[in-house]
Each structure stands twice: as C-alpha cells, then as structure tokens.
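One structure coming up, written as structure tokens, with questions to follow.
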Amino acid sequence: MMATKEEIAAFIVTEFPQTKCVVREVGNGGATILHEVGVSELRPGGTVSGPVLMEVADVALYVAILGEIGIVPLAVTTSLTINFLRKPAADKSIVGVCKLIKVGKSLAVGEVSLYSEGAVEPVAHVVGTYSIPRRTA
Amino acid sequence: MMATKEEIAAFIVTEFPQTKCVVREVGNGGATILHEVGVSELRPGGTVSGPVLMEVADVALYVAILGEIGIVPLAVTTSLTINFLRKPAADKSIVGVCKLIKVGKSLAVGEVSLYSEGAVEPVAHVVGTYSIPRRTA
Amino acid sequence: MMATKEEIAAFIVTEFPQTKCVVREVGNGGATILHEVGVSELRPGGTVSGPVLMEVADVALYVAILGEIGIVPLAVTTSLTINFLRKPAADKSIVGVCKLIKVGKSLAVGEVSLYSEGAVEPVAHVVGTYSIPRRTA
Amino acid sequence: MMATKEEIAAFIVTEFPQTKCVVREVGNGGATILHEVGVSELRPGGTVSGPVLMEVADVALYVAILGEIGIVPLAVTTSLTINFLRKPAADKSIVGVCKLIKVGKSLAVGEVSLYSEGAVEPVAHVVGTYSIPRRTA
C-alpha cells in the first residue's frame, strides 16, 4: 500500500502544480522536503515569508502520510499550528523534516521542523493534522 | 499613534511586495483583507491552496495590529493556528476578517475568519500571535 | 435532536463527576459555563491554574456541541489551542463563553473566550475541535 | 545558572501545591514528569481527563525550562496546543517527556509527548510556549 518516493514526487507535481517543493526523502513515518528560496519568497530585510514555511510544512506532512498509506488524493489538512523560532537565512533553501506522530484510520498527525539548509537550529516548528478519507477494501 | 488605512496599505505593499492582499478595512481593533484567487492559487479539484489562506490571515492580523499601534516594521508573527473548515470556492476571492483579542506591550493576539467572498460560513479560522518590538518613548 | 440545558447539565455531571463546571446557558450554537475558583485552583501569587482554564474551555465546547447535536457520549476532544492573555482574578469565578464555528458530520470546531466573572477583557482564548462519532439513523 | 532536579522538584511543590506531578528527569534541554492516575482523574469509560494531560504537559515544559535557565518564578505559559491521539490507560500513570525546541531571551518553545506509562505510542502531543521575564544581570 505504500508509495515510492518517485510515485509521490510525481503526484505532488500534479496536486501542487505551482509548488517549488522537492521531495528529498520519504519513508519510515517521515519525509524531507526542500524548497529553494528566490526573490519572490523574500520579504524586506531578507526574511523568508511565513506562508512559504507553512507550505513546506504542509507538503512535508502530506508526503510523509502518502509514504505510509499510499497515494490518497483526497487527504486534506484539517489543522496546522506553526511556531516561528528564528529568522531564516535569505540565501538558503528551506528544508522541512516531518515525523508522523499518528496515522489512524481517519486522522494523521505529524510534526515538521523547518530549517535553513545546513543550519542545526530550526527556523520554525509545525504540528499538523490531515483527514484521511475512508478507504474501501 | 494609529495609522490610517492608506498608510497601512502603502506599507503592506513595501513589506509584502509579492502579495495580492488588498486592505479593505482597518480600525476598531480589526481589519478586513481581500485576496483575489487566480489559477496559481488553485489546486486540482478547484480548492484554494492552504498557504494562500494562511497568508491572508497573516496579513489581516498584521494590518489590524498596525491599525492599533501604528506602523511598526519589526512586528513579527510568532505563532499561528489554522483550522480548515470548508472547501473554498475556486472562483471567489478570499476575504479575511480579523478581530484583535489582545494588544499588549510585547504581544498581540487576534483571530481571523476566512471566507469565500459573499459566503456566510467561513472556510477557515485562524488564531495568531505577533511579537511587538519594544518602543522607545 | 437537540438537548435541553437540564439534560446536558445532568449528562455533564455523569461524564465529568469531579468537575466544578456549571452549565449556565446553552443554545444558538454556543454555551456559557461557570467554574468557581477555590484554593485548590490557585497558584502562588493568586493566579488561577492553566489546567482549570483548559477544563472550562473543554466543557464549554462539549456543552455547546451537545446543544446542537444532542447527547452524544462518545464525542471526544481531538485538539485544543489555548492562548493565555491576562492574569485571572483569584477571587472571581471563571466564565467560559463558547461559540461554535462549524458542526460537521464528523468534526466540530469552536472557540471559547474565558473571563474572570464580571470582567470585559478575556483571560484566555481557546480554539478546539471535537470528533463526533458516526450516528446511525 | 542551571538548577538541579532537586531544586526544581522543591520549587514545583511550592508553585503547584496541589499537583500530583513528580519530576523524574531534567536536563539536556528536556524533562520527564510522572503523574499518578487516581479515581479523581478518570472519566466514565476509564479515560484520563484531558485537563490532567494538559497539566502534565505544562509542568513538563516548565521543568525543562527551569533546567535550562534556573529557577525563574515568573515564567508563564503563553500558549499551548494539544492533539489527543489515543485513549490513555485508566490504570497507568501518565508520563510526559518534554524536549525544548528554543530557549530565547524572552520566549521558550517546547514539545511534550504524553504516554500511559510503559506504552510506546503517545496518547497526546503538546507544543507550548513560555514567556520568560527579563533577567537583570
């Protein structure tokens, strides 16, 4: 029932056609996403905009869940809590590392740590929940 | 100390140069933001993408706070919790209506209801906090 | 299908036998709960403890939901976000005012403002979600 | 500046005189708390009540922060997000394991996994923030 990294990456391209998120790793109840930062993602002062961080977290959660339950187009985010921790570097990609906490029949919960690439301290932390549609056997 | 709608709208354009958010109202501890939805904000099936909703909420909070304390460039989001409630209409703008709950010396808290324009039921609900830099008298 | 205030109050006593929460109002998509504050709810300095505030919010949400869908014993809290805003008065009851944002088939979402009785400014704000078991017709 | 487990345990007893929380471990940016479950913490059906879980998480965060910055009586919770994941066992203590994500000058952020003692899967997950008063050198 699990999906491979290649299957998920192809699916993400169709689901989020505008996204710059790239699937780097998936499996073992987690996923890692990379998002390059360009001028259009920056705010004055050289901060990566908050919605970009939220998008990376959202995709990381989705990819991690697909890695567990297979390609399920109708899974949707139901909630997301983000804490902004440090100013991201303007010239580094954002890396989102998701670890799932629970994958139930109807709800999945995971957390995502977001980093400026190469940094040890996270720039933000997210906890999110996804609703999973009932699957027919 | 308060800022006018025009001052805030001009400031938002410099702070979020890429945003499509437009300031519709500000004052009385609140703000209303409008965000047109184009093809680049849609996901397959005609849903407005989650990060767009979060951006509207974030800007609505910021605008409402600026309306209370004046133009403060260094105010930053510290946390944001979003609950997704209903599928937004693909062909309607997103409207974000913010009501501030507290504006303290160092922290402001507010909630935002997000709607597809013209609808009565919200598509998402956000609670967010902003850190306000210390102001020198 | 809706339940009366008396039915809900009796049900809360059986569901939360230790609670000091009293149902003051219910209906119209909301509820108001009162919780007396005694020595056992105080912390040094005269602050009402955080878990007491969370309990009042949790019960207010539950009561408001029961007011909409009737007595459903298996509804359970799935998430709760609380922002602490001001120090509660040590010698006042806590009042929780809940407004439901959505009551869906499987999920209900609401917000609760918590006050020291008689005060205008809230001491805390909560957004919570409840999972509603599938009902058989 | 750090405080020992014994100093923190003694401080928690004075700060939370009614609590059943016991400090099991503290240090290295984290803390582990144990809370025995008695009849007064149960709800019908044998579930540990939500506010008990929130209290354990709140104390675990506080203890972990004190372990990093020393005994600071005025640190207060500013926000807390809890996701309930599984039904806790009625006859097991609750164990809260906190890992701090950030300890800044004015704000600390941490996450707490809550378990029924001996279980591998958490019953709830919490992210919380504490406001730290300015310290004079």
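Just so it is clear, A, B, C and D label the chains in written order, and each chain counts residues from 1 on its own.
Here, a residue touches a chain if its C-beta (ideal position, glycine included) is under 8 Å from a C-beta of that chain, and two chains touch if they have at least 3 such contacts.
Every value quoted in this text rests on a predicted model; they were computed, and no experiment measured them.
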Identify the chains adjacent to both chain A and chain C in the sense defined at the top.
B, D
Between B-D and A-D, name the chain pair that shares the greater number of C-beta pairs in contact.
A-D
Between chain C and chain D, tell me the centre distance in angstrom, where each centre is the average of that chain's C-alpha atoms.
22
Here the gap between chain B and chain D, centre to centre from mean Cα coordinates and rounded to Å, is 33
From the mean C-alpha coordinate of chain A to that of chain D, what's the distance rounded to whole Å?
28
Taking each residue of chain B in turn, which ones touch at least two of the other chains?
78-79, 81, 83, 129
In the complex with chain C, residue positions of chain B that touch it
81, 83, 85-86, 101-102, 109, 111, 113, 121-122, 125, 127, 129
Sort out for me which residues of chain B touch chain D in the complex.
78-79, 81, 106-107, 129, 131
Okay, in this complex, where on chain C does chain D touch?
14-18, 40, 43-44, 49-52, 54-55, 58, 73, 76-84
